[in-house]
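Following this message is one structure expressed as structure tokens.
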Amino acid sequence: MIVLEKRPQPSRVWSLATPLVAVLATMIAGGMLFALLGKNPIEAISTIFWEPLFGEFAFYYRPQLLVKGAPLILIAIGLSLGFRAGIWNIGAEGQYIMGAICGAGAGLAFYPLDAFYIFPIMVIAGALGGWIWAMIPAFLKVKFGTNEILVSLMLVYVAEQMLASVSLGLLKNPEGFGFPGSRNLQSYDSAHNAELIAGTGMHWGVVAAFVAVIFAYVLLNRHMLGFHIRLTGEAPRAAKFAGVKPARLILFCLGMSGALAGLAGLFEVSGPAGQISIDFNVGYGFTAIIVAFLGRLHPVGILLAGLLMALTYIGGEIAQGSLGLPAAAIQVFQGMLLFFLLALDLLTNFRIAIRKSEVA
Amino acid sequence: MTNQSSGPLLSLKGLTKAYPGVVANDTVSFDIGEGEVHALLGENGAGKSTLVKMIYGLVKPDSGVMELRGTPYAPAEPRQARADGIAMVFQHFSLFDALNVAENIALGMENPPAMRDLAARIREVSETYGLPLDPYRTVGDLSAGERQRVEIIRCLLQDPKLLIMDEPTSVLTPQEVEILFQTLQKLRSEGTSILYISHKLEEIRTLCDHATILRLGKNVGECVPSETSARDMAEMMVGSALQTPERSGREFGDVAMDISGLSVPSPSAFGTALKNVHMTVRKGEILGIGGVAGNGQDELLGVLSGETLTEADAVKLHGQPIGKIGPTDRRAMGVLAAPEERLGHAAAPEMSLTENAMLTGSVRENLEKNGFLNWGAAQGFAEKIIEAFDVRTPGPENAARSLSGGNLQKFVIGREVLQNPDVLVVNQPTWGVDAAAAAAIRQSLLDLAAKGCAVICISQDLDELMEIADSFAALNEGRLSAPRPTQGLTVDEIGLMMGGAHGMEVAHV
Amino acid sequence: MDLSAINPVLLIASLMVAATPILLAAIGELVVEKAGVLNLGVEGMMIVGAIAGFAITVESGSPFFGFIAAAVAGAILSLLFVVLTQVAQANQVASGLALTLFGLGLSALMGQGYVGIKPPATPKLDIPVLSDLPVVGPILFSHDLVLYLGIALTAAVWAALKYTRMGLILRAVGENHDAAHALGYKVVRIRTLAIMFGGACAGLGGAYISLIRVPQWTEGMTAGVGWIALALVVFASWKPWRALLGAYLFGGVTVVQLNLQAAGVAIPVEYLAMSPYLITILVLVILSADKSSAPAALGRNFHASR
């Protein structure tokens, strides 16, 4: 019979291999799902994974990889810090929305003034918006011991209502003929997060994502604070013994992830999205949770996982157009990936052995 | 009662059980007679636990057979073992804090009667055996001795043929041990066999009719304890002659650590609050703190290490109030600590030894600068600990949990000792460690004291405290008795300092 | 603004309807947590139950089969969580999130052909005389059967936890799985059954939304009810009757804010719509001081080593 044996220590090989095996398993299971929906599985998988990178219109899709990947990476890096310490911020979607609202609001407050300092002010306002939204669960957890998972998630629904409210009210475009939504920031130069190099998809959000990856890497591997974050996640009591102040860690991790999610929202609203509207958010805050785990909560892993997840978004859209694959199928596909990853993670810490005994 | 001469109650024949990398039991055979108290003697890691788990149906032997009164006995699960009349009192892990006594006992029975009837029976049986117990009290609020009573009564209600007891006296005061022994003798006189697991030789000599000695998973000999000297049994158990630590005459210096009027609530739900604790330790002195588990040991260590903050004046170092100073700054001042729980408190299980060296060594060993970590230096420090304390591991990159309990303990103690503390606090420094390693750890504490360090050694092993401590105090329900010089203390006096019999009464034999 | 349009009797009756999905999901999760498992996938299991129940009802014409299908679907989905946490030893928080993300996607996929359809009505209790009584009739005797099932389930879970051996074993496993294992109880098996019960309850709750409360299918229609149910378990201090009370409280808030929206109160719609979530947070804050009744092994995985 098959038994699980705990390894004396985590396997390094498997810790690197599981994400790859999980992607492979997801392709197989996803292919089966697509076949069930009456699509050619090989065609569907290749459309998702091959077409955006090497297909006919790759010149258009490749930059999209950065555009879609940047917010995912930025949010996931923030989340991973907390996840490592056992602090579960799952309301990044809400912090993303609040970042966008505050950032865009700060910019629109100056309209139609043109000045170099407007965009930096928006960046700060965006980060601040996400930070404040995340500080609510952080403060409640520190002060009252309230569960941060539930509070941060409830605040997503509140943020969505806020978004609806400002799209219809405060930030509504006065020249928008009564349609909901703000002015388009793409046509307001001082507030526009434009492409830095034309045709590459590179905008300030992408730069911020790369900076965040490097920052997180240094923090986790070279700095006492990062060591304390890891220690708290591995063994909370040992962390207290080492001198970690849990409250400060909670405030830092939640605040940081909120600020990064807020930044992601600001760069999105001032760049690719262009305006605040009711359907501005598309679930990056939730997909980023998958990205964080797929990247094994490691900064470099998250960078790669973010790009991979962006690929499934873009490829999914292509498959939607060319094969009629439902958008929800891609969502299921992404969900599957997280499942396989968590299940296969077992191989990192356990060895599967076959034994000859009858009953355990 | 009945002393059937027909044959043994339980006989084990060639039991073998292997785990990856270790043979826990290697063809172990012996018999347990009817109405006999049989000792199973061995060091930590000798395979005693695995053996009894096989008897109790928790673990399946790889090979070998058991016979119960001549018929084959192979319990697939504890339920079956219980049905066959085998009961077990565990050392750890078998009570539910949030449930009451009656519920806990019902869980250990096959067909428990209705709660009201059960409660009445618990009262009845507990009085008969001199172990009074209120069936409706929540178990989390009971003392360690009372919790053991719950386990014993749970077993007795099933009229067992064989009662297995795993290190039962480690949680009792000497007076409570006496009462337990009377209960066990009463059971024996009623015909119940007892398998008594321990590494305490004097106890076994007092109580047991027969002893089987395990070493490294093998049966290395049997003896009649009352006719064998403790020293001979120890040598069979350890396999070599033992060395007693050297204790050179020391001069005590000024008071290093001064605790006065310390009262703090426990940080955990079923913990013990410390109540008005006073003590002083001088430079070069080893203060031993005894007491039954769960009487405030963890809480006291937390207060000394800085994990639990108190009134500033309650804890003084060289006259300076440090009650409000956290662990990191206390380390910088020379106050170091080694908690009892190795995995998860003293060390992070999944992290490497290098990272665990960083855990407490960062300040005093200069492993960080402005918050940035010097991993090279940390690795060097880890290697130094491994070298100096003979920690058996392939290298500092290995995870803490991959080490055996004894090796990790050496690492944890070594990590603090090598940082040259002014005050060192240790809790259960040799718990679960084999004799040779325990001797080495005790020696290192003595050496440290000889260099002028003030050592506070919290331990439940009274022999250990008598061996190394200069003065002795005991914790009882969060209160600390006044420290007294170790020399000349009698077992009775120690027992009374630990709280005497905690309201137990002698069995009405 | 016309507050007189709000009829208190109808308000209470509809409050009970609004509370039922939360109650069903919360009672299921309560049992799961009592067994020491934290399943954050309630929202995912609910929404899959919502579409499964809806689809089968539409296809078969029978809400009865629909509710059965919803319970089965919720239980099947919960088996994924079992595989992750009980077999593969994965982190329970991450696995629960995975279940929710997956369930949201899966339900959207399953529900593609069912948008905009009206399901067959679920029959309501109609006892001559009793159901026609003023005030008492609409409040107590005129609901669908599932609503009564929710209350019956609450009573059953309460009694089972308090008085039965099964309940005692479940609590023991949630309190200290190592001790339960040492006494010979099958921790993984007991937890698996509890998780599946939780899944079935969540599925029922989801179907209640799509078949009775709304009734129609839209993507993401559970809109956080599963998360509110999770909060409710904390609010209830793991006690079934308090879960019922809490569910009615939340149901009340939801219904009152909807009535206020309809009555055209001067408060913007968005602020009314966010009120149930804000109140959930408020309640969590007030009650988070007392964690003493939480099962001690909650969220910790069990692996029988030696």
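Note that the chains take the letters A, B and C in the order they are written out, and that residue 1 is the start of every chain.
Here is the rule we use: contacts are C-beta pairs under 8 Å (C-beta built on N, C-alpha and C of every residue); 3 or more make two chains touch, one makes a residue touch a chain.
Computed from a prediction, not measured in an experiment: that's the story for all the values here.
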{"item": "Pair of chains whose C-beta contact count is the highest in the structure", "value": "A-C"}
{"item": "Centroid-based (C-alpha) most distant chain relative to chain A", "value": "B"}
{"item": "Computed distance of Cα centres, chain C from chain B, in Å", "value": "45"}
{"item": "Chain A-chain C separation of Cα centroids, rounded to whole Å", "value": "28"}
{"item": "Chain centre separation (chain A, chain B; CA means) in Å", "value": "47"}
{"item": "For chain A, residues contacting two or more additional chains", "value": "360"}
{"item": "Footprint of chain B on chain C - complex, ascending", "value": "165, 168-169, 171-172, 175-176, 178-185, 292, 295-296, 306"}
{"item": "In the complex, chain B residues that touch chain C", "value": "19, 24, 49-50, 53, 57-59, 77-79, 81-82, 90, 93-99, 103, 106-108, 112, 269"}
{"item": "Partner chain B, residues of chain A touching it in the complex", "value": "5, 8-10, 222-225, 227, 230-231, 234-235, 237-243, 245, 351, 353, 357-360"}
{"item": "Chain A - residues contacting chain C, complex", "value": "4, 6, 37, 83, 88, 90, 140, 144-147, 149-151, 153-155, 157-158, 161-162, 164-165, 168-169, 286, 289-290, 293, 326-336, 338-339, 342-346, 349-350, 360"}
{"item": "Residue numbers on chain C that touch chain A, as the complex places them", "value": "40, 80, 83-84, 87-91, 93-95, 97-98, 101-106, 108-109, 112, 219, 223-224, 227-228, 230-231, 234, 268, 270-271, 273-274, 277-278, 280-281, 284-285, 288-289, 291, 303-305"}
